[in-house]
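The following blocks contain the structures, represented as structure tokens.
Next come two complexes built around chain A: one with chain B, the other with chain C.
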Partner chain A sequence: MNDFYVPATPTSPEIDFRFSSNTLGIRGESYPENAAAFYSDALRQLRTYLATLDATHVEINVELKYFNSSSTKILYTLFGMLNDCVNKGNDVTLNWFHDEEDETILEFGEELYEDFGQLNFRPTAVSAA
Partner chain B sequence: MLAQPRPSIPDIALKTTANPNARDILLDSPILSPAQTNNEAFRIFTDHPQLIGLPVVEDGRPIGLINRSFFMDSLARPFRREIFDKKSCTAFMDESPLIVEIGTSIQDLSFLVVDAGKKALADGFIIVENGRYVGIGLGLDLVRMISKMQAQKNHIVMESIGYASVIQRSYLRSSRDGMASTLKDHFVLWEPRDVVGGDYYYFSRFDDGFFVGVFDCTGHGVPGAFMTLIMASALDHVLTHENRQDPAAVLSTMNRMVKVSLGQVVEQGDSDPGDGTANAEKEMKSDDGMDAAFCWVNTQTHIMTYAGARTPILLSRNNEGDIDIIEGDRQGVGYAGTPMDFRWGNKEIALQKNDCAYITTDGIPDQIGGERGIAFGKRRLKELLRSHRHLPMSEQRNALKEAFYAYQGAHTRRDDITLFGFRV
Partner chain C sequence: MELERFSAFHDAAHREGILFFYSGYFSQNIVAAMADAVRYRLKFQPAQEGTLRKVFSTFVEMSQNIVHYSAEPITDEAADNNELRFGAVSLGQQGGSYFVACGNPVPRDAVPALKEKIDRVRDMSAEDIKKAYREKLRSENDPASKGAGLGFLTLARDATRPINYAFEKLPNDANVFFYLKAVI
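Take a look at the complex of A and B:
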């Protein structure tokens, strides 16, 4: 299937789903006016893609600085889908990038891992450029 | 027919016209017929120094537009006057100017002008009624009109949000009065991001204590404010003398109430056929609720009973030691994903004289700022509370606000903020 790409805006992240190379990326900030509407295409594509997988290694790189509560709910849906796909015989590595001083984002990643333990969670501290 | 173009659109134009159209920017203009000469065109341009485009009309119908600078440049070349002066004025005329019907809405007109390219913005365009020439319109007047319409729309929206804020604030009055008459030393820092917002607080005084709630509804702005009023009136309805000491039960009751009233119940047989349609539909349904911290404080025993939905409580003990964070449950109230029968837990905290308790929504800890452009964070908030806790609460508020503003700096506000604190 075709790769899926949405460029970042000040209030919504870049979504870079390279299904062809099993590499997914979300990067930026997420507080769109209507998070459900913003993510609906991406989630639909992802669901279709995940249904085709068989014993595949998927890598997802997440580098978010800020996301509001409605985006949080969408992220839970998204990681839930990835978690389920591990249960179907695939493996998923979640590279969770956060600023080395950003405890808020790190804690959120850890919470996600508590809920979606099938993901291979790799928190990665990024030092200031 | 020879009036000068008006300098600007009269102010009344917008007030009298519900749907502004080309008539609102219609200008009188000198015109020529194709039988007239370039010499006559030259005279008109000289007599009307502000005229940019001169329409040529034949039997009442426009056939073209003469652009001043193109015309003048053409005639300025050697011997051109001698050759062209007595010839028809159609020689240097643009034969395909933009022509619009007088009833064309300003919005449609602006698209037509943009599509026509630089020409229509610079030269203007011809306005007709049933195909017959009635006047011209200028790009500048069109832009002016669009700006006015935009400003007026903004004004109407902002006025209506301003009044929504009056309603949202007046619904807080009884809580504010309750706090003022019950708590000796307290503060609330409440700042909706967009005039109104999804953060709210609630306070109710009883004979033997008080019930306080701080909550963060989904969304901000107007949709967030709708949710706060739904939640606050639900809480007003749910909280009684019987359940006042059981904030967890109050959360559970509100959860059921919100799920039912907003229809956020996953229907039986709502199974996923596997093609993603069921889930896609689910994602578009309302999935709204709130994060909240509810507390009952018995003012005789100083025991505080706290229940939290993704909202912790921060405690300072007798101005000593670290600030403790007491976490509630990680389940929000009313969301589609929260089970109908979910039970939150109560935590009892024995307060001592001089202890301070604080409740914050995620607005402050999640705000982006600082040199690194990262979240404010709970650690920074705890440090700030620790270093100012000996101050009267109103002074703590000011110090925290100042530090928070300084951290936010030039970054935009991401969310509504609420921070409530009281000293025992």
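Take a look at the complex of A and C:
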């Protein structure tokens, strides 16, 4: 299927889903006015892509500077989808980039790790720019 | 306004530790511009980066609440995008901590449910807040919420003491003015 790309805006992240190389990326800020509406296309595409996978290694890089409460909920749904796809015989590495001083983002990452134990969760601290 | 009075207003805001204040219409674009201004303002504050991030998060959550829920919309009441609604937000420092306060009109008949929702969070310990937050994260969405139903819990999680609120009468009988304050 075709790759999916949405450029970043000041309040929404770049979404770079390279399905052709099984590499997914979400980078930037995430506080759009309506997170459910903003992410709906990306989630739909992702669901279709995940359903086609068979014994595949998927890499997802998430590097968000800030995300609001409604984006948090969507991200949780997204990682749940990835976790389910591991249960179907694939493997997924989640590279979770967080600012070294941002405990909220690190904590959320750890919650994901607890709830979605099938993901190969790799938190990486980056220093503030 | 006479310039002298403007100067007195400006000085008073400074004395009160106000770092940012806005009263007017709120849209997503306005929130984005304010967030930009607030980030610069916080960049030069003598506090831990982690604290400043919580202040920023609280500011964005409160401002977006106004976009979504203020009872004084210019846009269609049923809209869930490109909304424009009336409110006020303020951010400042006081006695070694930061505060973010906001206010907007809400329908009078929404008050009991709103009170109950905030009181429930106010009564929680930090541990309870974390637990409730995680439960909410795992649950299905609340159809009455335009966000994730995580808003008040996010504010409470980032605050260092219980979030405060007040309701004030408005000349218009259908609405009351709802104030909310978080200390970080």
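Keep this in mind: the second predicted complex is superposed on the first by the 127 of 129 C-alpha atoms of A that agree within 3 Å, B and C clash if a C-alpha of one lies under 4 Å from a C-alpha of the other, contacts with A are read in each partner's own complex, and residues count from 1 in each chain.
Assume a residue touches a chain if its C-beta (ideal position, glycine included) is under 8 Å from a C-beta of that chain, and two chains touch if they have at least 3 such contacts.
What you see is a predicted model; the values in this text were computed from it and never measured.
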| item | value |
| --- | --- |
| Combined model on chain A: chain C and chain B, fit or clash | clash |
| Touched partner set for A:Arg44, first chain B, second chain C, both or neither | first |
| Partner chain in contact with A:Arg122 - chain B first, chain C second, else both or neither | neither |
| Partner chain(s) touched by A:Arg27 [first = chain B, second = chain C, both, neither] | neither |
| On chain A, the residue positions that both chain B and chain C contact, one per complex | 10, 31, 37, 66, 68-70, 73, 76, 99, 101-104, 111, 128 |
| Contact set on chain B toward chain A in their complex | 216, 218-220, 274, 276, 279-280, 283-284, 287, 291, 330, 332, 335, 337, 362, 365-366, 368, 371-379, 412, 414-415 |
| Residue ranges of chain A in contact with chain B within the complex | 10, 29, 31, 36-37, 39-40, 43-44, 47-48, 51, 65-66, 68-70, 73, 76-77, 99, 101-105, 111, 128 |
| Sites on chain A touched by chain C in the complex | 10-11, 31-35, 37, 66, 68-70, 72-74, 76, 99, 101-104, 111, 115, 128 |
| Parts of chain C lying in touch with chain A, wherever the complex brings them together | 28, 31-32, 35-36, 48-50, 53-54, 56-57, 60-61, 64, 67, 80-83, 134, 137-138, 141, 146-151, 153-154, 158 |
